[in-house]
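Quick one: structure below, then a few questions.
Chain naming follows the written order as A, B, C, D, E and F, and within any one chain the residues start at number 1.
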Amino acid sequence: MSSLICDLRTDKVLQTIREGKRLDGRKFDEYRKLSIERNISENAEGTARVRLGETDVIVGVKILPMTPFPDTPDDGSLSVGAEFLPIASPTFESGPPSPESIELSRVVDRGIRESKCIDFAEWSIESGKYAWNAFVDIYAINHDGNLFDAAAIASITALLDSKMPKFEDGKVVKGEFKGKVKLSRKPILCTVSKIGNAIVSDATFAEERAQSARFSVAVTEDEYFSAFQKGGLGSFTASEIDTALDTALKNSKELRKLI
Amino acid sequence: MATKKKEEKESKKESKSKENLEYVNKQGKRLDGRTVDETRPIKIKVGVVPNADGSAYLEWGQNKVIAAVYGPRECLPKHTANPYKAMVRYTYRMATFSVPDRKNPRPGRRDVEISKVSSEAFERAIFTEKFPNTAIDIYVEVLDSNAGTRIAALTTAAVAVADAGIPMRDMIAGVAVGKAGGNIIVDLNKYEEDAPDAVDIPIAILPNSEEIVLLQMDGLLSKKEWVEARTKAFAAIKKVHELQKQALLEKYKNFESTPSNDGSDKQ
Amino acid sequence: MATKKKEEKESKKESKSKENLEYVNKQGKRLDGRTVDETRPIKIKVGVVPNADGSAYLEWGQNKVIAAVYGPRECLPKHTANPYKAMVRYTYRMATFSVPDRKNPRPGRRDVEISKVSSEAFERAIFTEKFPNTAIDIYVEVLDSNAGTRIAALTTAAVAVADAGIPMRDMIAGVAVGKAGGNIIVDLNKYEEDAPDAVDIPIAILPNSEEIVLLQMDGLLSKKEWVEARTKAFAAIKKVHELQKQALLEKYKNFESTPSNDGSDKQ
Amino acid sequence: MSSLICDLRTDKVLQTIREGKRLDGRKFDEYRKLSIERNISENAEGTARVRLGETDVIVGVKILPMTPFPDTPDDGSLSVGAEFLPIASPTFESGPPSPESIELSRVVDRGIRESKCIDFAEWSIESGKYAWNAFVDIYAINHDGNLFDAAAIASITALLDSKMPKFEDGKVVKGEFKGKVKLSRKPILCTVSKIGNAIVSDATFAEERAQSARFSVAVTEDEYFSAFQKGGLGSFTASEIDTALDTALKNSKELRKLI
Amino acid sequence: MSSLICDLRTDKVLQTIREGKRLDGRKFDEYRKLSIERNISENAEGTARVRLGETDVIVGVKILPMTPFPDTPDDGSLSVGAEFLPIASPTFESGPPSPESIELSRVVDRGIRESKCIDFAEWSIESGKYAWNAFVDIYAINHDGNLFDAAAIASITALLDSKMPKFEDGKVVKGEFKGKVKLSRKPILCTVSKIGNAIVSDATFAEERAQSARFSVAVTEDEYFSAFQKGGLGSFTASEIDTALDTALKNSKELRKLI
Amino acid sequence: MATKKKEEKESKKESKSKENLEYVNKQGKRLDGRTVDETRPIKIKVGVVPNADGSAYLEWGQNKVIAAVYGPRECLPKHTANPYKAMVRYTYRMATFSVPDRKNPRPGRRDVEISKVSSEAFERAIFTEKFPNTAIDIYVEVLDSNAGTRIAALTTAAVAVADAGIPMRDMIAGVAVGKAGGNIIVDLNKYEEDAPDAVDIPIAILPNSEEIVLLQMDGLLSKKEWVEARTKAFAAIKKVHELQKQALLEKYKNFESTPSNDGSDKQ
């Protein structure tokens, strides 16, 4: 899409928002249709594919025995990575991770990690020698806005879907598992965009182009926040952040039901 | 070095002593019930990535592949453009979770080689001279794997190129043929690829002219075995090609029900 | 992976069982003697890098940061320039010896993220539209660290940008607020950041309009706690802002005694 | 050489081929003069320098103790790398390996590995702890076409020339060896180019510029093929492949005599 | 500063030198004011900040237990790195180390290492398993010429300032030390620039732009040289080198007093 | 770090206690039979890479080096070109198998430093101002090594530059001199370089004007020893220079018998 057409589309988004509406008819705090698919890869310990409207994200989890960090010899660990595949958008390129994909993966990581939903001590195998590390790898398949929430929901879903491998005689027992990974909470990331003076949820690609700033918050079922992240060139007032938090408390409940 | 060798081994794990095992039984059936000429089940869906100019998703046994095509579009950086034709840039990658061990997210030497020979295959298929100074980017991501991914990828990509409306001499279709336990068989699975005498021959052709556009082989193969393998391969590829055509027809049949593919709201 | 996780842990070492510990005593004092609203001592010096267009040095508790600004200057490579505004490129780095273990000299994922969100904060503060096609480069190096370096860096950088004479809507000032042992406290040190229930909220605003230009959080925080934390943060930031202004005044007061800052012999 | 001169040269190659001849007077299936030099480096375990006409390739082998792969704790291993030194051609640049050099090294590797000429179990030192790894490093010195065959012949020659190090008390004994590396077969790579409608062996640089496609096949003394590789933008018919295989069966015998 | 202004400044430097003077009034063999600051970072084992006129360099030392090299199982080691921070000059860029910064760090390294001031055997912890490695990291803060000498003086000062960590039960004891690092010599690097026909010490940035070549020499208190390095596009006569060495013998004595 | 230190040690292995050893015996002979003033045997062959504009091969004791020169040619990327002179880009590399352990194929810090100081030496030798906007690329590959490779490389490269017909003020020639067991000796071999008191001084000059274009040293050296070393070096370099000239003459003498060097069929 040419730059001119982009600008016209952005104008149209802004004008519609000023009229209190969105181009696709949603309310400001309304999400697009969320659908979840599992069993993307038998080779993965767990997978999930999340579609939010036309945004499409696949997450796979591999759980491998690693040497624990010297300062936490009895703890397992979590690694989250994201690839903005050039499949997903004409604006994505092959190559090393972009700052955008690094930011996304780190926000998803914090939302999960800081919710304390994983008891890393349970992932120990042998003190100082082996502990399980879960590699959560996020792949953008189609980018129509709000990759953050789609990626976060796919990540927690894939973790919930994951089988815990067995370890015997110094190695992994292929094809055998000891049940599912245990998660004590299901943090949900809810992102809003500031477009004009409105705070809207689950922005499309066209809406993101028109946004001045973005704010993401991860919410647990017991109504705690486990991560904040402001992004974008603009700013938020304190009351806009409060609106975003309230919206997230509400939306996270609905979204969690779909996992 | 470890990295390099790991790659080589992606599909060669657990090649324990299987000398006693029978890869084809007296009834002519393989361990998964297939005949020697039979491929694993193949499903193809066209138009799965709304943003792309063309796309396809394929399941070939356990293999799962998604392909998207962007182009013809401006060739950047500009000094790489060719004033006489489009550059075809094919990128094969495997998701980290698509293999039994975790794949390193950075592209390895195997990825580079497969991307190179696949690019060359598409250079032959596409009428590149119609689009001077442009690039046609074909991206393929393997989501799950069990032997034969480069052919599964190429087969998916060919459908995506057709979906993008890019004119081709002919569609590319392929199969891997080879040997296990002394038998020439079509579409080896991982278990068969790990046979002590395994031979693996990925081959892709333009189905109508039978021009060979991709051909690789490893393992010990005689001339006679090659002729048998090639014959079986060509027959199997024609079936694969039928499935490609059906999938494309299917899309246009279901036109109304897949709004994301009608192009009206592409960005 | 080791590298990645190491980074995460830069400030989370030694989180042993401190459940019994009291982070704020009955007199309302923290272990280092501060009240819950009090920042560590802050010292700012302006114009410390003669070659730069603007620069500043800051000590914030144990944290030591140097910042330099070059620009507006030609934006290279040229295709990254924007015809409507200046590009703000903020680079946050930590010296290898600024952390208890040695920091890998190559920038890590944490550096990239902090640089990104800080660039965005300055995009809001600076009147970038006044300098089309240029780049404003803000470089920050952390020389010593003890929790709160991204805010210390941003605060220093804002002074350096002002010293460079680059027009801003308002100066950026920030603080990290958070929680330890159930108390909402201002400017956590490393010991407090390692509390079992620690919450860390780096926040930066334009002090006059109270626009939030940077906001991150990790840890478990309720809505009510957030409101308390934000209120404490805004109050503390205003004090930080006063120190920034004083430092700038100080420079121009001492104009004669700092020949390197008079611009006459810049290269 | 300018692009225009290249094009004229290519035209001349094509025209000569149409007349059933080659610019240097060779028959279609004829190789240029092959010469082999050894003892390029005393620091290497084995070396070989192969000249095919003006094409010049040096290969050195280093054999070092490495930790074996977890799934093959009792096996040694082989690593083949190639550098297209900027010494060798105005078209080669310094920097990370190009796709072309990666392809070459992988085809050479497969030709050797898949011929089963190496018994990797013999290269074990201590199960799971140490096994010999042979690093075969290919350096292009002058590129006048058919680097593939020159590199493959130099690689197998250098391996045959290689001394097996001694290992005692957890380390290599400097300057002592336990005989030569054992190879049960000598695979020879034979490459043909499709130029116009002709299938020609051992193309020069000028001929390679005129080729539409390339096909390489590794052949063992017992007339097995151990690797195929089609390269280039064109295609082959099944019968052209058969011609290439027959030519390779014949030429490999002659070339093997020279090793 | 524009290229034209640079050229004019260079002309002025050259003309002044021809008149037997320097722009800032110094004698040819005279250094700018040297000042040294310590305690830059509590997290470092040792630090030093050296200012030579407006040139400003910070060096920090981290001392960590590492696995010794197989061929020197009973020796510790030294690693010197340099970053030309983009803070320090409009001509410096972010990114991997430049050839210039690599050269500087290697010359500083050799000056120290080859003076034999460190007894690496004393840095052994457990033969073949652990030995101390000192990482000396140099950061340019403001570049007004002669980064080499400033970096070398800061490095030896930071090493002299460094505390030796304690190692017990397989790990470093946090916050405890067993005295200062022992150095038996204090090598001082003295660099001269050839500007026109003059040999001048401690060149400013403007003088370096006018120089044809540079020569650095490290000198110990017992009047031995431990490193030479000629840099730059020009050349030196044998007698110019002799002048440089004599100047260095003299200046190093004065500079050493300030450490 | 391991990598970095490995490099340093390429030529410093096995420096066991050799204090008792005599590096020069009463007859004034070194362990390999040379006098203190004598270099190892040197053989030079000109014109060994047909594709290059100039090339040479050299054996210096166990050291084996090949050098090729391309240029003056277009300087890419264009923004690196200089409108007043040619850029000289000297690239020193060691083959993986040229050292006792395997050299990492990626260029290390030692390679970068040697390439830099060697580029600078050639900048002085070549009349670069005659070829504005161009690049002169000098590539050197060490195939086998035993102390003194940077000088062997530079000496080979100088012959290759002459073979390319690129005008020089003078040819560059060099030698490494130094100290072992208290003796000032010419052209140290690896055994001598590992002496406990070893000093290594690579030095290269323009032989006619005696301008020093490359000079490095490590080890502990007195002023007096330097003067002795320099005197010995200059004398040895003149002999090396004679061999360079002979090799070039040899090529043109044998003109007819080396068809690849006549330029008629260069590509």
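The rule is simple: contacts are C-beta pairs under 8 Å (C-beta built on N, C-alpha and C of every residue); 3 or more make two chains touch, one makes a residue touch a chain.
Just so it is clear, the structure is predicted and the values come from calculations on it, not from any experiment.
Traced through touching neighbours, the fewest hops from subunit A to subunit D number 2. Common neighbours of subunit D and subunit E, by the contact definition above: F. Common neighbours of subunit B and subunit C under the contact definition above: A.
Looking across C-E, D-F or E-F, the pair that copies the B-D interface, with over half of its contact pairs the same by residue number, is E-F. Per-chain CA centroids place subunit A at a distance of 31 Å from subunit B. Each chain gets a centre from the mean of its Cα atoms; for subunit C and subunit D, those two points are 57 Å apart.
If you average the Cα atoms of subunit A and of subunit C, the two centres end up 27 Å apart. Annotation for subunit E: residues 135 touch two or more other chains. Contacts between chains close into a ring here, every chain touching precisely two others. Order of chains around the touching ring, counted from subunit C in the direction of subunit E, is C, E, F, D, B, A. Against subunit E, the residues of subunit F that register as touching in their complex are 1-2, 4-6, 8-9, 13-14, 109-110, 112-113, 115-117, 120, 123-124, 201, 206, 210-223, 226-227, 230, 234.
Considering their complex, residues 49-52, 55, 62, 64, 66-68, 70, 73, 91, 93, 95-102, 105, 137, 139, 141, 143-146, 260, 266-267 of subunit C touch subunit E. Those residues of subunit D that touch subunit B in the complex are listed here as 66, 69, 71, 77, 79, 97, 99-100, 102-103, 105-106, 109-110, 113-116, 133, 135, 215, 220, 223-238, 241-242, 245-246, 249. Looking at the complex, you find that subunit E touches subunit C at residues 1, 40-45, 47, 54, 56, 58, 60-62, 64, 81, 83, 85-90, 94, 135, 137, 139, 141-144, 174, 205-206.
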